[in-house]
Structure formats: C-alpha cells, structure tokens
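Down below are the structures I want you to see.
Here come two complexes built around subunit A, the first alongside subunit B, the second alongside subunit C.
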Partner chain A sequence: MIAGIMPQAEFVHWWFATGFLMLGLVLFAEALVGPEVWGMRPWRTYIWPGLCFVMGILMWPVMTFFTNSAIHMVAHGSWAEVLMLCGAAELGVARGKLHSQYWRLTSSLALIVSGTAFLVHEQNHWLFARAAFLHHTLGWTALVFAAFPLMLALRPRSMFAASGFATFFIVLAVLLYCDRDVAPIFGHLSQFAGPPHR
Partner chain B sequence: MRRALLLVALAALALPASAFAHASLKKETPAYGQELAVSPRQIVLQFDQTVQALPKSIQVLTPDGKNLAGSPRAVTSQRELVASLPRLPTGPYTIRWQAISNDGHIVSGVYTFGVRVKAPPVTSAVGAQGPTHTEDIVRWLYFVALALVVGGLGFRLLIVRGPLPPRAERRFFWVTGIGAVSLLQVGILTFLLRGEDMLQLPFGLFWYGDLSPLANGTRFGQTFIAMTLGFVLVTAFLYLSWLLDIVWPLRVAFALGLFFASGLSLSGHSAADAGHSWVSELADWVHLTAAMLWVGGLVMLLAVIWPAAPELRRTAFLRFSRLATVLVACLLAAGTYLSVLRFPNVHDLWTTGYGHVLLIKLSLVALALLWGAAHHFVAAPRLAAGDSGTFVGKLSRSMLGESAVAMAVLLAAAFLVNTNPPPQPTPRAPVAAHAARR
Partner chain C sequence: MSADFAHRLRRHDDETAVDARSRALRARIVMALGPATVLGGVIWAVVQPWRLTLLHPHGQGLWWLIVEPPLYVIVVGLIFRLVIAPGLAEDLERVP
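Up next, the complex of A and B:
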C-alpha cells in the first residue's frame, strides 16, 4: 500500500532542492540588508530556522520509507537530525531562549556531519560516474562551507560570512536538482547523455 | 562569486546522465511473501537500473540451506537477473540475491516465498540469526529512553501540573529531550541490528543491503516506521513547548507518546504469538505504559524535583506515591494476565529459558514493589507530617536505589521481549479428542 503512494525519489530530491533554494535566498536577503534591517520585522528572523527545522522533520519519512540500502537510511537519518538541530538552535537564539552566540556553531556541525555522511557513503573515486562526482562534490562543498557558519559564530555581523553561508544552500540546491536522472520522469532526452540506464 | 556559482551549476548539468543512487530491486517474481500453488520455473529480479550478475547472484535456499537455483544471468537491457529452477517441492524458500550496481557497489537482499505453504517472515529466512545480546542491551536502552519521554511527560502533566521553577523546567526539558533524541537513535540502531541478523552480510556489504523487506514486510519494520515518525512529532512538540513556553504541546506530545508506544505491543509477543487477541495487545500496552510512567516518574523526582525544586518535593512525592499505587495495580493485573496467556503449563516457568528470565524479572519486580511500599507506607506519611532535614537526603538515596532496581526490571523485560515464549499446545482434532476422552 505504501509503495503505491510513495513519490518517486527524483521528486523528493527536487522538493528538498527547492527547500534549500528558499533557505539560501532568505539567508542571502538577510546578508544583503544586514541583521538590523532584517530584524525590523521580528517574524523574519524565524523564517530560515523554522524552514530548516520543518525540512528536518520532513526528512524523516525519507529515511523510513526509502530503505533499499542501509547506508541511505543512515545518511538520510543523519541529515534529518542535523537539519532539526540546526533549525532548533537558531530558533532558540532568535527567540531569546538561547543566549550564547556559540549555539550558531550547530550550523557548522550540521554541515560537517552532512558532508561526512556524503563522503562516507560514496566508496568510488570522483570520476567513476556522475553519482560519485556529485557525492564527492556535495560532501566537500559542505565541509568547506562549514567554515562560514563558524566565522558567523565568531563575527555575527560579517557580511562575507553570511553570504558564504547563504551561498552554500544555493550550491546545495543546484547540486540536488542535478543529482537525479531526468529519464525516469521526462524520458531519455538525448543520446549525448550516453546509453539509457533507467 | 556569481560566476563561480554558474560554473559549478553548468559543470554539474553537463556531466553524463548516469544514475545517482545504487540499483534498487523494483519487482521480484515470485514476490516477497507469496504463497504459490505451483512451483515457479524461474526467479526474475527486476532492478531500476542496469546491473551485472555475480556467480551467486541468486540463491534459492531450502530450509536446510541447499541452493536450488541455476546459474544467474542478466537480461532485458541488463536490468533483470534471471535464474532457472528445478521443480520445487512443497515448502518455504529463501532467496538471497546480490548484484553489481551501475555505480560499482554490490547491492544485496533477502526475501522469502512458499510453495503450497505460507512464506515465513524474512526475519526467519534461511541463514538469518535470532536477536543477540547486543540487541537485548539496545532494546533495554530503548525502554529507558521511552520511560524518560513518556514517563517524564506524564510526570509533568499529571504530578506537577502548575508552573515549575525555571531551573527545574530546564532540567525537565533536558531529561525528556535526551530521552526523545535517544529514542530515535536507538530505534535506528535496533532496526539496523535486526537487518544485520536478516542479511548476514560482511560489514562492508551490509551498508548496501536492501532492508525494505524488513521495513515493509514485517510487523517489526512497520512498527519501526510508525514509531520513528511518531516520536519525531513528539520531539517536535516537546521542543515547541520549550521554545514558546506553552503547555499544550506537552499534552499533544504525551498523547502521541502513549499512542505510538502501542507499536511495541502491536509487534511483540502479545500480537504475534499463538493465543493473541486485541485483549492481549491492550494488556501489553497497559503493562508497558504503567511501567514507563512509574520508571519515568521516579527519574523525574530524582533528576528534576529533588535537586531543582525543593519547595515541590513534598507535594510531588505524595502525588507520585498515590499514582504509583494505581500504576502498580495495572502493572500486576496486566502482567499476570499475560503470564497466564504465555505459559500453558506452570512448570514452563522453571523448565524453559523464557520462564527463567520471567522469574528473574518477577524477583526484581518484587524487590522494587517492596521498596515502593516502604516509600508509600513509611516515607510518605513522614514527609506529609513535615519531616525534613537528613530524612530528605536519605529518601533521595533510597529513590536512587529504587530507580536502579526499576532499570534492572527494564533490562529483564528487554531480554524477555527477545526470547521466545514456550510453545502453545497444538489443539487436538475433535475426533482424536473424543477418542482420548473415551
């Protein structure tokens, strides 16, 4: 029964890519206008952490329903947890329940865990296939960009750090949009893409 | 920055379009769990992308472990693995399969079917192993985490109904929060360990093993899905209550916690063994819930009220003592009913492994009850009379002792859950029974 109502994996990836794109755009907007202007409407400060937290909750069904390999299950579970953790900590800071700026380090931790999950679950080298290339790219992007929230925890007003953090989500969204075959949804569009696999 | 971003996007889009994930089994013939009227001629495994066959890509195993499958080959644009079969006699069969995925990983899986008999659950596949002691310990951790969440929430809503001092409130959220997060982690670990028992693969290959027959085809798997998603919601409501300083999400979290805890009752002995009914499932849920509220309440008294809200010690202890009496009554009534149901003969108590574990559990329960009775009949009246000073310190240590015994009871319960109860006597046919009476 569940198999009949489950969306295709391609759609799930694209939905999450859309979520990350929205996260990135909101963070970019905040970085551009600065935290003071952004905070003039208090609800704005809750947008990205709230979205992050909700995306974490929505990642759990992905973990539980896509169990065709243990490594995918663990990887999706770790992404669900760090998304919730990162969103929860940032919401706590925005609400004034958490006072230390260092709670923002959870964003850095989230990126490190996510990146490691991507790299650990890819055992092939970079150019083995698009799959391997994207896993490595996603993993290293997350690890490298983890420096930006770290910087943001130390220098909360740094526009460079805030823009870098926002850029991560946009890059992540682009990579996620690309990471699934379009063939199962749109058919095999071109022979230039090699022989059809699916 | 924009130029770099554009380049990354173009590079990713321009790469050849091979699949992202490992190959997944889309369809299998015969299907998982199918009971066939006639022997199948071949096994067909259909994947969502191209695969390569290995020498033992498909094994069709009899209950004694003999492989009956012919040499496997990849067909239909390399997306199907096919192996021929001789005529299979009546009986249950296990299929263990392996294939090299498009991305180079070896994907594996196992499932079962039956010829003129019911297919066994995948956890009873040929080569699968029963729960290990590691799983007993993990199950115990699951019970402890459940007690922290459900018992903690119950304590907060039923015992300390009003506002808590800020320090105690913080401690309450820490304790229940740790319980909620641990519950999710330990739940995943439990599922993976059961998957490992089923697949019986080396560590490296296990990570690419197909766990979907376990998740979708067993009560255990369906419970895992429901309880994981349910307790994610419990965690979210708990967090919402902390964030917004409001109580109603706690009530929702408590109700959800009680509801989803029933997953254990709906997938355990009370739901699967001979003689089960909705009454046995309900009794199991009452037993479990009473135990969680009792153990969780004790922990809350010790970890929250005693160190962080001294002004509430007396009220909380007296109220909890009254609630504990009801909980113990429920615990004993449901436990006695379930024991009678699972033990067809009294001597099974000392002649079977399940009986031995139950005897240990009962001894620990008796010790905990004696301890609780001492608190109820000796400590509570003294506390109600306003006795304090060194007595409060002694009571704290005494509660620590009771909690330790309660944890030991949960450990025994974890062993019990993973042990098979004694077999029920098979009902005699009416004619034979009549003849025997004569």
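Up next, the complex of A and C:
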C-alpha cells in the first residue's frame, strides 16, 4: 500500500539533483564575485549553508523510507550527517559565531565521507547498471573534489578553489539527473538488475 | 607635476580601468549563469521529450506528473536569474 504511493527512488535523486544544482550556481556566483561583494547583502551568506543544512534534514526521510539494506541505510545516514555538519558549520561562520577559517574543513570532510560511502555501499561492478556506474563515478568524483574545500580552508580567497568546489555540485547534479532505477550504462545491463524502464 | 607623480597617476588610472572591466565581465557572467541553466533544461526537454509527462499526461501516475526534471532545471535557472543575479550585478557596480 505505502509502496504504491511512494515516489520512485529516481525521483528523489532528481529532487536532490535540483537542490545541488542551485547550490552549485550559488557557490559559482560567490566564487566569481568574491566574498566581499557576496556579503554585501547578509541574506546571501545564508543561502548555501542553509540549503545544505535543509538537504541534510531531508536526507533522513530518504534514509528511512528508501533504503533496502543496512549498508544502504548507513550510507544515506552518513550523507545526512555530513550535509548537516557542513551546513551548520558554514551557518556558524556566516553568522559570525564561528571565526576560524578551518571550519571550512568540514566541507572537505563531508566530501571524503560522502565519496567513501558511495564507494563502500555500491556492491556491484561499474557496468552492472547505470545506478552502479553512477555510484562509482560519484564516489571517486567526491574524493577527488574534496581537495578544493581543503584548499579553500587554507586559502579562503582562492577563486580556483572556490570555483572547483562549486563545479563539484554542478557535476553532482548532472550525475544525479542521469540516475534511473534500472537502466543500461553504455549498452551494458546485468541480467540480475531487473527489467529496465524509460 | 613631476614625471614620477604623472607615471603613478597613469598607472592608477590603468588599474582602475582594468578593475572596472573585470567587474563588468564578472557581472555579465553572473547574469548569464541563469539563462545558461535554462538553456540546459530546454535542450534536455527537446532531446528527451518523454521526460515531460505533462506533454502526454494520459495514463500517467501522480508522481510522474509531478516530477518533470527538465522543468526543474529551468526553474532553478529562472530563480537564480530573477532572485540572486540582479542584486549581485548591482553590488558589483557599487564596489569602489
């Protein structure tokens, strides 16, 4: 009964993709104009940390209703936790409650934890199905891009680091939009993956 | 006016002009981010029209009618262009 009224998992991936796309655009704009111009209107400084925190909260119902194994649940729970941690730390910095630039390291930690969770919870090989391919790609992308927030913590005014961090969210959004519940990847689909649909 | 002072004044004018050009370019890029995103959504809708179930709603379930990913991309681009970009471009102009 409940399964009948629940949205499909791919829909949830697209909703999060939409949130990450907005996050990427906001971060890219901030990188372009610099922190001084970005901070000229106080509400702007709350956009990305607020969005990140809210997406962390929304990840909890995803963990509760859309996971079908313990490792899957732990992965979604870890994404919820790091999204909230990263959003909360950045909110603290934006509000002026936290002063150290090294709070930005929480973003790097979030990407490392998220990437590891993607790789660990995907039990199938790259070409098993599109979802498996995307999990592997997302995991390695997050791990590689974790260098950018690390750079940003050490050099807060680096446009290169800020743009790289923003690019991660755009890439993440595109990859999540590519997700389908069961679909082939480069013509490959394991017979164990189930019947594909549109 | 000494030659040294004149050189410094000219260098200052050159730097100000370069800063103004750089700010104008950044403002243009900021204003273009939203439309570029909208364009991405439109291209997606054209390439995969079956993703827009509103175009052929007969027989679709509720979730398939609510979930229109190319429209989501377009909406994100519009929100960015209408809510965030204008103020940013304005603030870039105001920087001394």
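In the analysis below, the second predicted complex is superposed on the first by the 173 of 198 C-alpha atoms of A that agree within 3 Å, B and C clash if a C-alpha of one lies under 4 Å from a C-alpha of the other, contacts with A are read in each partner's own complex, and residues count from 1 in each chain.
Basically, a contact is a pair of C-beta atoms (placed from the backbone, for glycine too) under 8 Å apart; a residue touches a chain by one contact, two chains touch by 3 or more.
In this text, all values refer to a predicted model and were calculated from it rather than measured experimentally.
When both complexes are overlaid on chain A, the residue A:Leu119 reaches neither subunit B nor subunit C. Of the two partners subunit B and subunit C, more residues of subunit A are touched by B. Of the two partner chains placed by superposition, only subunit C is touched by A:Trp14; subunit B is not. Residue contacts after overlaying the shared chain place A:Leu109 against neither subunit B nor subunit C. In the overlay built on the shared chain, the residue A:Ala147 is in contact with neither subunit B nor subunit C. Of the two partner chains, subunit B is the only one that A:Ala70 touches; subunit C does not reach it. Judged by the touch definition given at the top, the superposed model places A:Ala88 against subunit B, while subunit C stays out of reach.
Look at A:Leu51: by the touch rule set out above, it reaches neither subunit B nor subunit C.
Subunit A residues in contact with subunit B (one complex) as well as with subunit C (other complex) are 198.
Residue ranges on subunit B touching subunit A, taken from their complex, read 1, 5, 8-9, 12-13, 15-22, 24-25, 48-50, 77, 102-105, 107, 184, 188, 191-192, 195, 206-212, 214-216, 221, 224-225, 228-229, 232-233, 235-236, 239, 242-244. Partner subunit C is touched in their complex by these residues of subunit A: 7-8, 11, 14-15, 17-18, 21-22, 25-26, 28-29, 32-33, 36-38, 40-41, 44, 47, 177, 198. By the touch criterion given at the top, residues 2-3, 9, 13, 53, 57, 60-61, 63-65, 67-74, 77, 80-81, 84, 88, 91-92, 95, 97, 121, 123-124, 128-134, 137, 163, 167, 170-171, 174-175, 178-184, 193-194, 196-198 of subunit A touch subunit B in their complex.
Considering their complex, residues 26, 29-30, 33-34, 37, 50, 63, 66-67, 69, 72-73, 75-77, 79-80, 84-85, 87-88, 91-92, 94-95 of subunit C touch subunit A.
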